[in-house]
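After this come two complexes, each holding chain A, first together with chain B and then together with chain C.
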Partner chain A sequence: MSIILEAVDYIYQLGSVHETNALKGINLVIKEGEFVGLIGHTGSGKSTLVQHINGLIKPTKGKVIVDDQEVSAKRGKLKEIRQKVGLVFQYPEHQLFEETVFEDIAFGPKNLGLAATEIEKRVKKALQMVHLDYEKYRTLSPFTLSGGEKRRVAIAGVLAMDPKYLILDEPTAGLDPRGRDEILAQIAELHQQGMTVILVSHSMDDVARLTKRLLVMHQGEIIYDQETRQVFSYYEKLQEMGLDIPTVTKLMHSLKGQGWSVRQDVLTVEEAKREILQAVKQAVKEEQSHA
Partner chain B sequence: MLKDITIGQYIPGVSPVHKLDPRTKIICLVFYMVGLFLVNNFSGYVFVTFFTLLIIFLSQIPLLTIVKGFKPLILIILLTLILHVFMTEGEVIWQWGFLKITWEGLRQGIFMALRLIYLVTITSLLTLTTTPIALTDGLERVLKAFHMPLAHELAMMMTIALRFIPTLIEETEKIMKAQMARGADFESGGLLSRAKSLIPLLVPLFLSSFRRADELAMAMEARCYRGGEKRTRLKQLQMMSRDYFTFFIIFIFMGITLYSRWFF
Partner chain C sequence: MIDVKNLEHQFLNPQGGYQEALKGVSLQIKRGEFVAIIGHNGSGKSTLAKHLNALLLPDKGSVIVNGKDTKASDHLWEIRQEVGMVFQNPDNQLIATTVEEDVAFGPENLGIEPAKIRQLVDDALKSVGMSEFKQRAPHLLSGGQKQRVAIAGVVAMKPNVLVLDEPTAMLDPLGRKEVMETVIKLNREEGLTIVQITHFMEEAVLADRVIVMEEGSIVMDDSPREIFSQVQKLKALRLDVPPMMELRDHLAQAGLDLPRDILTVEEMVMALCR
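Now for the complex of A and B:
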């Protein structure tokens, strides 16, 4: 079971003066249980790509297949696919509209036509997944919550659909560091519980910390589709595309440039610490042996 | 789908219409409208049609862009046409039960529909060829010339409204998609269930509009915006000979429409 994109092309405003080729020949397979990062400059086609996966946009050419069902078919079973592929948009809290947190999260399950008891169960579970207390929050108005809480309620609204695949478009944009860390930790947890996650992000640090596999998009094409560690070794190429590498990786690059013998494919602070300590120890040892 | 609305858009260009003073364009628009409503017979409409096509040609705006702007108004235009065709008394040319079409109704319906179409055409031509800033500037000066109180504030409100049409459309599409991702269905169902399905769209849309208004007011205040009193301009509007020539043309247009009404 997997998500498959075959030679997908998408052209915005076909046949008008504003015609733009947003996606060009996208081939992609995402297997169940993966945690995939997707990075790219603004306008590189990331959002367009992920909207293809749950049928919000249909490709101009090519095929999109989710679990053997063709999303791109003329009469695709969109409701089923949208249940299976949960898509959390940028600033998802802007879509909140109900009077209570409970009602808002129940919107998705209700659209699926579930029974009241099942809806309640789903809402409870979804709130639990984003670490909000059911009893405390369910009667509150979503508009009285803090920014981070609102976002978590909005994400819970998608989780309540019980998706198998979860796509998040910049889930941490505009949050304070603590809110960001909490959301990311919860996403990591969801993945550990078996959910397939696609994380669209501008933050190289977040992607480096969480994902195993990384897609890089540039002008509507997938340039790299490799292991995260491998992708971040193309420092110069990424910079040419207006992208960056994680802060720690950059640090290692500049240490290496100053003559320290450290590895450059480091992605996390922990790894960096180990690497630097080792380099310092080695340097001290060399000095002692000289003396 | 919503992106087809052209009202409020501006397409940069260097055509004679683009170059006109916004005041000229606004005043001539009013004259054109008066002329359009004066015309009431076939030859008059032929003349207005040619005149309108000439302006479109001069503006160098593709006809297709303008025609696309009718899309959201098709329903209103059709309704006008149908109501006139079936509701006007006169010489019956076709009848089926209580439904009947009359010559007078057909004529009246087509004329009214054309009026609406030309009205939309010429108004969208104004915004298509005039930058929002020039438009407000012109509007403000015109209103001031008629000693309208709060001219500046009114003009400012209009520009802001125009400026935010595309933004609102974009926002609508975004929220629609977000709710569709949660299984919302905007397309099927009866009238009532469809109206109800708009709530998840309208509530967030209103909220974001208020938020945007708040932010904009704050940003304007932060730059010491204080309304119209003693405000000076970076670019002063200047009437040129082409503006006077345009006035001359529009007076001829008015003359011909008047003539066609009473002498044909």
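Now for the complex of A and C:
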């Protein structure tokens, strides 16, 4: 089971003077259980791409298939697909509207026509997944919560639909470091429990830490679709596209430029430490053998 | 320039009780300084910022701006003209249909004559690098451009102090860079005093001085080098540590002899290549 995009083109405002080719010939397969990062400059087509996956936008050309169902078909089973593919937008807390946390999370499951006991079960489970205490939060108004809590409630609303695929569009934007770490840890946990996750992000450090596979978009095209580690070794190319690389990766490139023999596909502080210590040890050994 | 003494502030919380947002904060900010305030949501950063231009008034203690007490209501408008505020979301701060009209809104309300307003608007737009966009509609600009227009709107009021509350939180990396370059330029070239609240440590590193807030109190107040070299303390507060500082800490523990204040990749390369 998987998400498949075949030669997808999307043109905004087709036929007008504002015609913009937002996606150009996108081919992509995402398999169940993967954790995929998606990066790119603002306007590169990231959000347009993910909105195709649950049928919010239909391609101008090409096909989008989720688990053997064609999302892009004229009579696609959109309700089913949208339940299967949960999409968490940027600033999802702007979409909170109910009087209590319970009602807000229950909104989706209610619309599925589920029984009251099943709805309660779903709300409980969703709150548990985002580490908010059911008894404490269920009666509170979502508008009295902190920014990080609101965002978790909004994500719980998507999780309550019991999706198989979860797409998050910059889920940590605007949060403080603690809120960000909590959300990222929860996403990693959901993935470990078997959820397929697509993470759209501007933070190279976040995708470096979490994802194994990374897509890079630029001007409506997928430029790279490789192992995350591999992608960040294209330092110059990424910079040309206005993208950054993780700080420690930058350090390794600079050290290499100074003649150090270190790997350049380093993503975390721990890896950098190991590489540097090894290089220093090596240098000391060579000095001793020369002496 | 700004003198905050034993400032206390309480909020009514939704459960009906009182919550102490500021617990006796004291702080002096000198003219021309660039101060970054970091800390978690709920630590009191924004409450403190709102006291600096009398959007909030002290429950106890005092805030003196350029010799004027914020509690004395006859100075209110002078203080607000002198200390300009820029907030997180540029979309909530732009109101007019063209960039120049938006920037003119503040000076117009001060009752300044039109020719002078023209001059103030042109100067303000120039100082944020947005002159060529003056006839454009604000909603068609990028996030970074919008925020620069919002800053110009405040600069046109000729303030001495610019208080920015997470001005880059909703921007992409390019927009963040644009705004930070603008803020630094206003500080260095126009001599504006800057107080910036941020969650991005790479922005705090650019300041002359970093203040760390936690639960309504100032817990650290020093140069960025001193603050960020205290890796363990920052981690205990669950704040971000710049990656090079963290790496330096790891390498030092493993026995490498490195200076204790390495902030940037360049400094790390230099230290390692000695």
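Assorted remarks:
By our rule, the second predicted complex is superposed on the first by the 285 of 291 C-alpha atoms of A that agree within 3 Å, B and C clash if a C-alpha of one lies under 4 Å from a C-alpha of the other, contacts with A are read in each partner's own complex, and residues count from 1 in each chain.
Everything below uses one rule, namely that a contact is a pair of C-beta atoms (placed from the backbone, for glycine too) under 8 Å apart; a residue touches a chain by one contact, two chains touch by 3 or more.
Quantities reported herein were computed from a predicted structural model and do not represent experimental measurements.
Placing chain B and chain C on a common chain A by superposition gives a clash between them.
Look at A:Tyr234: by the touch rule set out above, it reaches neither chain B nor chain C.
Look at A:Asn111: by the touch rule set out above, it reaches chain B but stays clear of chain C.
When the shared chain is aligned, chain C comes close enough to touch A:Gln258, but chain B does not.
In the superposition on chain A, A:Tyr134 makes contact with neither chain B nor chain C. When the two structures are aligned on the shared chain, A:Phe97 is found in touch with chain B, with no touch to chain C. Of the two partner chains placed by superposition, only chain B is touched by A:Leu87; chain C is not. Here chain B and chain C are compared by how many residues of chain A each touches, and C touches more. Note on the superposed arrangement: chain C collides with the chain B stretch 219-227, while the other options among 57-65, 201-209, 219-227 or 237-245 stay free of clashes.
Once the two complexes are overlaid on chain A, none of the chain A residues touched by chain B in the first is touched by chain C in the second.
Contact residues on chain A toward chain C in their complex (touch as defined above): 41-42, 141, 144, 146-148, 173-179, 181, 202, 205, 242-244, 246-248, 250-251, 254-255, 258, 260, 269-270, 272-273, 276-277, 280.
Residues 3, 62, 174-175, 177-185, 199-200, 203-204, 207-208 of chain B are the ones touching chain A in the complex.
Chain A makes touch with chain B in their complex at residues 13, 17, 51, 54, 56, 79, 82-83, 86-87, 89, 92, 94-97, 107-108, 111-112, 143, 157-158, 161.
Listing the residues of chain C that touch chain A in their complex gives 14, 40-42, 88, 142-143, 166, 169-170, 172-175, 199, 238-240, 242-244, 246-247, 250-251, 254, 256, 265-266, 268-269, 272-273.
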